[in-house]
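One chain, subunit A, appears in both complexes that follow, with subunit B as partner in the first and subunit C in the second.
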Partner chain A sequence: MDGENNLSVIKLKNILLVTVPDDPGDDIIQELQTKVLHAIEKYQSKGLILDISSVNILDSFFARTISETTQMVALMGGQTVIAGMQPSVAITATELGLHLGKAISTLDVDRALDIFTDNFKLV
Partner chain B sequence: MNHSHSKYLSNFKNWAEQKRFLDFTEKDVEFLKKLHPFAIEYADSFVDQLYEHLLQFPDTKRFLSDEKTLNRLKLAQKAYFMDLTSGEYGEEYYQSRIKVGIAHQRIGLPPRVYMSTYCYYMQLIIPKIYGNPMFDVETANGVFLALHKIINLDQELAISSYIHAIDEVISRQTEEILEMSTPVIQIWDGVVAAPIIGMLDSGRTQQFMERLLEAIVETNSPVALIDITGVPQIDTATAQHLIDTINAVKLLGSQVIITGVRPVIAQTLVHLGIDLSGIITRPTMASGLKVALDKLNIKVMDNPRA
Partner chain C sequence: MAIEETGENPIKNEGDIVTCRKLIRNVATTAGFGMTDVTRIVTAVSELARNVYVHAGSDGVMRWQLLYQPGKIGIQLVFEDYGKGIPDIDQAIEAGFTTAGTMGMGLSGVKRLMDEMHIQSELGIGTTITVAKWGRAK
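Now for the complex of A and B:
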C-alpha cells in the first residue's frame, strides 16, 4: 500500500503537509488517513495541513473521511487545517449539507502555517 | 434572450384551437368572403376617414408625425382590409397579426388606440352590411358575426404579442437588476464587502454565493463583510440563505461579518428565533470594518501632524 498512489506526506518541522490530488478515489482517501496517522505517531506532529486546492469535487465519503481524520488527529494531539478549498467545492458542500467537523479552513497553505506559528488571530 | 417561449404568446397550433373555441367555421369564412367586394370598394374611404379621425387627437397624432409614415400606414391598413375578407386565415395570416402587435408595442402605441380603431371601423362597416340590398337579414347577421369573430381573433393575437413583448422587457430587466444588485468589492487588503440590495431568494443566493466566494479566493481575503442595510425585511428563508453563504465562506477559510443589522431586522431575527450567535454582527458597515481590521491586526490612526 505504501507509495502506491504517489501520495506524499511532507514533514515541515512539527507539522505535516499533504497535497490531495485532483478527484481522489475512495482508496486514496483511505490511504491518506492511514499514512497521516502513522506519520503523526512517528513525528509527534502538532498539526496537519491538507492542501485541497486541486480538488474539484467533494463527495460525502471524502467529507466524512476528512471529518473523521480530523477527530483522529485530535485524539493524537494534533490540529487539522484544510487549505485552499475551491469556491465551487464550498458551494457544493453547503448545498449537500456536508460538514468537515472540527477542521479549520484557511484560504491557502501560507495562512495555514500562520495558524501554527501563532501570529494569526483568525481561528 | 432565452425567453422566446412566453406563456402569453400562442403558437399557430393554439390559434387553431382558439378558432374552434370561438366556433369560427367554414361558414364564417364564406360570410367574410361576401364582404370582400365591399373591402375593395370602401377600403380607401374607410382608411382615409379613420386617419382623419386619428389626426384630431394629440394622443394619436404623435404617431403620425410625417406624410411618409401616414401613407405607409394607410397602405398597410388597406392591405389589412383585403386580408380580413380574403377567406385565407392560415399561418401567414397568423404571423402577420403577431407582427402587428409587436410593432405597436415597440413604437409605444397604447393598446386602447388599437382596440378603439376596431370600434371606429365597425361604425363605418355595419351600415354597409345591413344597408346592402343583396343581403337578407339572416345573411347580414351571419356576416356581422363572422366579422366580429375574426376581429376578436385578431385582437387576441395582437394583445398577446403586446404582452409578450412587455414580458420580454421585464425578464431582461430582472436579469440586469439581479446582476447589478450583488456586487462584491475589495475594500482593504484582506477584506471584501458585499452589499445586498433587496430580498435574497434562492436564485439570487446561488449567484451571490458564487460571486462572493470567487472574490474571496481571488483577493485572498480572510474577512468578508456582508452588508444587509439594503435588505428591506428578513424571513426564515432569507436567513437560511445567509447562513448557507456564511458556512460556504467558512469552508474556504474566510470569516463573515454581517453588517447593517437595523433595529427592525434585529427584532425580526429574534422573533423568528433565528440563531446568529456564532456569527459576528454589527449595525453598520463602518463598525464591521473596524472588527475586520482588528482581526487582521491592522491599526488605523489619526495623522498626528494633521
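Now for the complex of A and C:
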C-alpha cells in the first residue's frame, strides 16, 4: 500500500481537512501526524478536521496518535475536530478504554465545519 | 462450498498488522458475525498483532480457526511469539499497565472485547495468547 496516495491534506480557508483511509497502517497514521503539522505551519491554519467516516478500525495506537496530534496542533494554536466516527468503531473504542484527548467530535464533516464557523469564526 | 475453517499469517513486520486485520475482517464477516462484533474482533487482532511485533523482536504468527456449536459460530485466534515472555501476567492484564509507552489498554481492552482470553508465557521462550469470540449462527 502506498501511503502517499492515501492521504491528502486539503486547505479550506483557515482550516485543514484530512480524510483518513478505511484501514490505515501505523506508517500512514504517523505520516498523517507529520503532514498535518507541516501543513499547519505552511498555511498558518487555525484548525483541523479529521474525517474518520471511512475508518473501520480504531485501536490504541491510532487513538494515541490522534490524541497526540490534537495536543501538537493545540501547541501550534489550532483546534482539532474529529468527524464521522462509525457506530461500531465508537462502541469498540469505548469498550477498549480509548479516549481521544482534547479533540472535539462531531457526527460528520458538515457539523465540524459548523463548529469552526459558529464557535471559532474561522470559515 | 464451505468457507475455509482455519489458517495462519506471519507477524514479522509492521505491515503484517494490517494484513492480519484484513484477513480476519474477511473471515469473520464471511462466517456471519455482525458488524460490531467484526469491529471488536479486528480491533483485538490489531492490539495482539502489534503486541507480537513490538514485544517479541523475532518472528511471530497468528493462527485462526472457526468454531461451531449448536446455533453458535465462534472464532479462535492464537498469537504466538518467541520473545522474552511476560514476567507477571496478572499485572499485564491490568488496565493502564504498559511497558511500551502506549495507553496500556491493550490486553485489558482485548479481554473486554472478546469472550475468552488465555495467556501462556514462559520467560525467555515466548508468549501465546489465545482469544475467542462467539456469535449467533446465521
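One rule holds for everything that comes next: the second predicted complex is superposed on the first by the 113 of 123 C-alpha atoms of A that agree within 3 Å, B and C clash if a C-alpha of one lies under 4 Å from a C-alpha of the other, contacts with A are read in each partner's own complex, and residues count from 1 in each chain.
The rule is short, and it goes like this: a contact is a pair of C-beta atoms (placed from the backbone, for glycine too) under 8 Å apart; a residue touches a chain by one contact, two chains touch by 3 or more.
Bear in mind the structure is a predicted one, so any value in this text is a computation, not a measurement.
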Superposed partners subunit B and subunit C on subunit A - clash or fit: fit
Partner chain(s) touched by A:Gln33 [first = subunit B, second = subunit C, both, neither]: neither
Partner chain in contact with A:Pro87 - subunit B first, subunit C second, else both or neither: both
Partner chain(s) touched by A:Asp108 [first = subunit B, second = subunit C, both, neither]: first
Partner chain in contact with A:Asp23 - subunit B first, subunit C second, else both or neither: second
Which superposed partner A:Leu96 touches (first subunit B, second subunit C, both, neither): second
Touched partner set for A:Asn56, first subunit B, second subunit C, both or neither: second
Which superposed partner A:Arg64 touches (first subunit B, second subunit C, both, neither): second
Shortest span in Å between Cα atoms of subunit B and of subunit C, once chain A is used as the common reference: 5
Common ground on subunit A, meaning residues reached by subunit C in one complex and by subunit B in the other: 86-87, 89, 91, 93, 95
For the subunit C and subunit A complex, residues of the former touching the latter: 14-15, 17-18, 21-22, 25, 35-36, 38-40, 42-43, 46-47, 50, 95, 102-103, 105-106, 108-110, 112-113
Contacting residues of subunit A [partner subunit C, same complex]: 1, 23, 25-27, 56-61, 63-64, 86-89, 91-93, 95-98
Contact set on subunit A toward subunit B in their complex: 82-87, 89-91, 93-95, 100, 104-108, 111-112, 121-122
Of all residues in subunit B, those that touch subunit A in their complex: 206, 209-210, 213-214, 216-217, 220-223, 244-245, 247-255, 295-297
